[in-house]
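Right after this note come the structures.
Two complexes, one shared chain (subunit A), two partners (subunit B, subunit C).
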Partner chain A sequence: MSATPVIPIDRDRLQDSYRVVPPEPPTNIESGASTWTRKQPESVGRKILWEELYPVDEVADPKVIAAQRLLAEAIKAFESAFKEADEDVVAADDYVQSAQPLLAELFACRSVGEGFAAIINALSISLVNQHGEPISKKQIGLIARSLRELKSQLFLSYDSGLRLLREFKKSGLRIYPEVLQNLDLQHE
Partner chain B sequence: MKEEREGEAGVDCVVVACVAERSTIPSLVKDKRLCHRVVCGYNIVFSALSPYTAMTIADFKLTQAAVESRHEDAYLLFDKTGVICRELKLKWPQSKLQEASPAKTVCRVASDSFTFELKQAFVLSSKPDPSLQQFSENAEWFFGLLHEQLEIGAYTRLGFRAIFKNQTKSHPEAVELFKRAKLLRMPGQRVFGTGEAASDLTYSARFQSETLGAHVRIGTETLHVEFEPPHGAEDILEPVKRETYSLVYDVDYYTLAIVDVAQLSLREWLKQAIHAIRRDSAEFLEAL
Partner chain C sequence: MSNAFVDTTVLTDALLKSGPKADAARSALTRYETTLLPVYAIKEFKAGPLRYFRWLHNKCVLSKSFAAVLTALHAIARGPQRYLTATAIEGMQLFAAQLIAVTPANLGSKYGPDANLDYVMSDRLRLSIRAQIDLAWEERREITSEIVDELECYIEAAPYVNKRGFIELTPTKCEPVGECVLAQKLKANPDALKKLHAAVPNSGRAEDQKRAQVLKDLYRIPKQPLTHEKCKALGDAVFAFFCPVGSVILTTNARDHKPLAEALGKSVDTPSESPACTK
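What follows is the complex of A and B.
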C-alpha cells in the first residue's frame, strides 16, 4: 500500500497565485508603498520649529510638555541673570538661585531622553557644587545657550549631550558630585 | 425644533423621542453627538430612524499605515546594511529578507515591512493595530537603528500615511456614502450620453504650509481578489474569487522643513499625526 504523495508547496509560487487585480481605472490599493516614491513637494531648507512638529499639546507626553514649560522658565531666569551680571552681581545670582528649583523639577522629567538627562543632571550638580558662590557671566551665558539648544532639541542623544558637558567642564563648572570629581570619565 | 435642526444641518431630521434619560441614549442611537441634544434638561433624540446618520471616522477601519523618512545620501548604507539586517533578525527572528540590493533593502515581518535606501526609509504595515501603538514602537526602533548605523543627522521629510476604509456591501453603496459627504457637486442630468450615475468617485486635495502638509484622498474603491491554487494543491486549497467595495479615506501627512534627529521622538510625532488625521476627518466625512 503506497502512501499518498505529499505535494510540496512552493510558498513563493503560492504567493504569486494570489492575484489582486486592480479595477479599471486602477485604484491605488497596491500603491501604499510605491506612492512614497512619487515626486513629492521639496523640503524648504529651514529647520522646523518645535511647535510646528508637535502642534497638539493634548496628545503629547505630559513629561515633554512639562520639560518644555520648565525649560522656558529656566532660560528666562538665566537670560535675566546674564543681563544683570555686569551691573548687579547679587541680582544676577538671585536669578540663578531662582532657576535651581526649576532644574530640580526638570530632573524629574529626565526620562524624556538620555542627552536631556545628562545635561540637566550636570547643571543641577554644578549649581550645588558652587556652595553659594555665584557663577560667572560666561558660565551663565553658556548655561542659557545650552538650555535654549536643549529646548529646541529635547530628544538630544547622549553623545550630543556629552559635547555640551565638555563645554560646561571647560568653562569651569564642576559637573560631577564632589566625590566623583577625580574620576576619569568618558567625555574628559 | 425641527426647523432649527434642518437649518443647522441641512437634512431632514425627525424628532423620534423626547424625554429620554441620558443613559438610554447610546442604546437608542449610534451617534449620540449628532442625534441628540439637551434642551431644558431633557434629551431630545433626533433622527434615530433616519437613514441619514452621519458618517464619522469611527465608521472606518485603519487598514494601512506607513511612516517614511527622507534624508541626505546615507553612504554608510553600503557598509552597514548587513548590520541593520542582523539587528532586524535579532529583534524579529521570523523576519524574512525580501530584497537586498546595494541600493534598497526590504525586510518583512508578518504584515509589516521595513525598507531602507540611500535617501529614504519607510515602515509599512498592512494590518496595523488600531491604536498604532505597536506600529509606533516598531517604527521608532527601526528609525533609531538607521539613525545610529547610518549616522543620519537630519530628515528632509517625514511622512505618515494612513488609509482608512469603510467597507460596504456593494459599489453603489460606497458611491452613496461618498455622495453623502458632499465633497463634489455631481451633474444633475445625463452627461456624455452615458447616464446620470457616476462611479469611481475620488476627491483629492493637498493642504500645505511652509513646513507641514497633508494630501487627502477620499474615494470609492473596488478590490478584486482572485486566488487559484497552484497545480497539485487543488485538494488542499480552495480557489478564491471575491470583490470587496469600500469608501477610502487616505491621508498623507508630512513635514517640509528639516527635522533634526534631536528634535524627533517618532512615537510622539506619530501620536500627533494620527490625532490630526482623525480630528480633521470631520471636515471631510461629516458634511451632512
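What follows is the complex of A and C.
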C-alpha cells in the first residue's frame, strides 16, 4: 500500500475560517475523522432573491419569466385562501378556484423542468379531483409552501418534485387522474 | 389470524389505485399484526400492472397527442378486456374535459405548441403515469411490515426513463446462476406440489392448464429447470406454497387462490370495500 502524503495544517489559522462538525451519522471512515464545513460570513445567511440572481432583462427564456410571474400570483391566491380558511370557507375556496387557470397556464411553461412540470400537473389534477369540494386549510398551506419552494427553486429536480408529490398524497390530495383507476391492472 | 401473506393484487391496489380500492387494501393491511410481502409479488407487480402503465406512458411520449392515445386504447379495446378498456376511454375523455374547463382559451397564442390542448393532455397523462410508477416503486417495500422470500436471482431495479423519454422496466426476469432459488424450495416438497396440482381447477382456462402442467413437471421431472415462463405460470400457486402456516393469503382474487390455499390447509382473506365509499 502506498503511503498517503501528509499535508501540514495550521489548525489555528484553519479554524478561523472553518468549524469542525463531528460526522453524523458515524461513518466507517477512520475514527476521529471530522467533516469540514466553511464558516459562513454573515452576509451569506441572507436569502438571495430569484430576481437578484436572474434579473428579468437577462433571462432569455420568456417561459421562465412567465413562470415566475404566474407562481407569484398563485402563491398570493393560496396565501389569501389560507388566511380566510378559518373564517370564510367560501372566500377561501374562491381564492383556490382563482388559482386553477393560473396552474393551467403554468403548465404551458412546463419546459422549465421536469420537477416543475410534475408539481404543477399534480396540483392541477388534485384540484380537478375535488369535484367542487373545498380543500382543507392544511392542504392549502401545503400547496402555498410548495409553490414558494418551487418559485425559489424553479429548476427543481424531478426527484425533489417527487418528494413534494409524496407530501401531497400524504395530505389526502388525489394527485393522479381518476381515469388511471379504470385501467386494466389485472396481472397476468 | 394475525399474519397476512400479501399477494400481487393487494400490492397493486395499495400502490397504484386511489379511492375505495386503495383504501380497502391499505385498511386490510392494518387488520394484521404482521404483514408479509414476498419478493415474488414485487416481481409480478413490475412485470404486470406496471407494464401496462409503461405502455400508456410511452404511447404519450411517442405520439405527443391525446387523440392518438385514445385511438391506441380503442385499438386494444377489441380484446377480452374490452369492457375495462371502454371504461378507461370514457374516463380519459372526462379527464380531458375537466382540465380543459379550467384552462384559459388563449394560451396557444401566448405559449405556442406547448399549450396545444391535444399535446397538453397527453403530457399531463405522461407526467401522471410517470409519477405514479415512481412513487409506487418507492413505496413497494413500505406497505407491509416485512419483506420475505427474497429472490437472490432477481435484480429489483427501479424503473427508469431512457434518453428517448421512454420508461424502461427491465429487468423483469430472474437471472439465476444454476438452479432457481424458488425451484429448490418447491422441489424439496413434492407432496405439497402434488396437492397443489390436484387442486388446480379443471376450468379450461389456459392459465390453469399451464399452472397444472408446471406443478406436475416440478415433482415428476425435478431435474428440469424452472424457466422464467414456467415460474410466471405458477403464479397463485407460489403464494399458496410459501404462505407460512398460521398466516392467511391476503388477495382480491379469492376465487383463484382459495382452492390452492385450502389444498395445503391454508386460508384466504380479502380486503373489503366499505359500502360507504364504494362508488
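By our rule, the second predicted complex is superposed on the first by the 129 of 188 C-alpha atoms of A that agree within 3 Å, B and C clash if a C-alpha of one lies under 4 Å from a C-alpha of the other, contacts with A are read in each partner's own complex, and residues count from 1 in each chain.
FYI, contacts are C-beta pairs under 8 Å (C-beta built on N, C-alpha and C of every residue); 3 or more make two chains touch, one makes a residue touch a chain.
Please read all numbers here as calculations on a predicted model, not as lab measurements.
S.K.: Of the partners subunit B and subunit C, which touch A:D88 in the superposed model: first, second, both, neither?
M.R.: The answer is neither, since A:D88 touches no partner chain.
S.K.: Just to be sure I read the superposition right, which of the two partners does A:D61 touch: subunit B = first, subunit C = second, or both, or neither?
M.R.: After superposition on chain A, A:D61 lies in contact with subunit B alone.
S.K.: When the two structures are laid over each other on chain A, which of subunit B and subunit C touches more residues of subunit A?
M.R.: Answer, by number of touched residues of subunit A: B.
S.K.: Check whether A:S160 is in contact with subunit B, with subunit C, with both or with neither, and answer first, second, both or neither.
M.R.: first
S.K.: If you stack the two complexes on chain A, which partner ends up touching A:S152: first (subunit B), second (subunit C), both, or neither?
M.R.: Only subunit B; A:S152 stays clear of subunit C.
S.K.: Quick check for you: in the superposed arrangement, does A:A108 touch first (subunit B), second (subunit C), both or neither?
M.R.: second
S.K.: Would you please give the residues of subunit A that touch subunit B in one complex and also touch subunit C in the other complex?
M.R.: none
S.K.: Under the touch definition given earlier, write down the residues of subunit B that touch subunit A in their complex.
M.R.: Those residues of subunit B that touch subunit A are 64, 66, 68, 70, 113, 115, 120, 122, 124, 126, 154, 156-157, 159, 161, 163, 200, 208, 210-213, 217, 219, 221-230, 232-233, 236, 248, 250, 252, 254-265, 268-269, 271-272, 275-276.
S.K.: Looking at the complex, which residues from subunit A come into contact with subunit B?
M.R.: Residues of subunit A touching subunit B: 7, 9-10, 13-14, 17-23, 25, 27-29, 32-33, 35-36, 40-50, 52-56, 58-61, 64, 113, 115, 152-157, 160.
S.K.: Help me check something: in the complex, which residues belonging to subunit A touch subunit C?
M.R.: Residues in contact with subunit C: 63, 66, 100-101, 103-105, 107-111, 117-118, 121-122, 124-125, 127-128, 162, 165-166, 169, 174-188.
S.K.: Provide the residue numbers of subunit C that touch subunit A in the complex, in ascending order.
M.R.: Subunit C residues touching subunit A: 8-9, 12, 16-19, 21, 44-45, 47-49, 52-53, 56, 81, 84-85, 87-88, 90-92, 94-95, 98-99, 102-104, 107, 110-111, 114-115, 120, 123-125, 127-132, 134-135, 138, 232.
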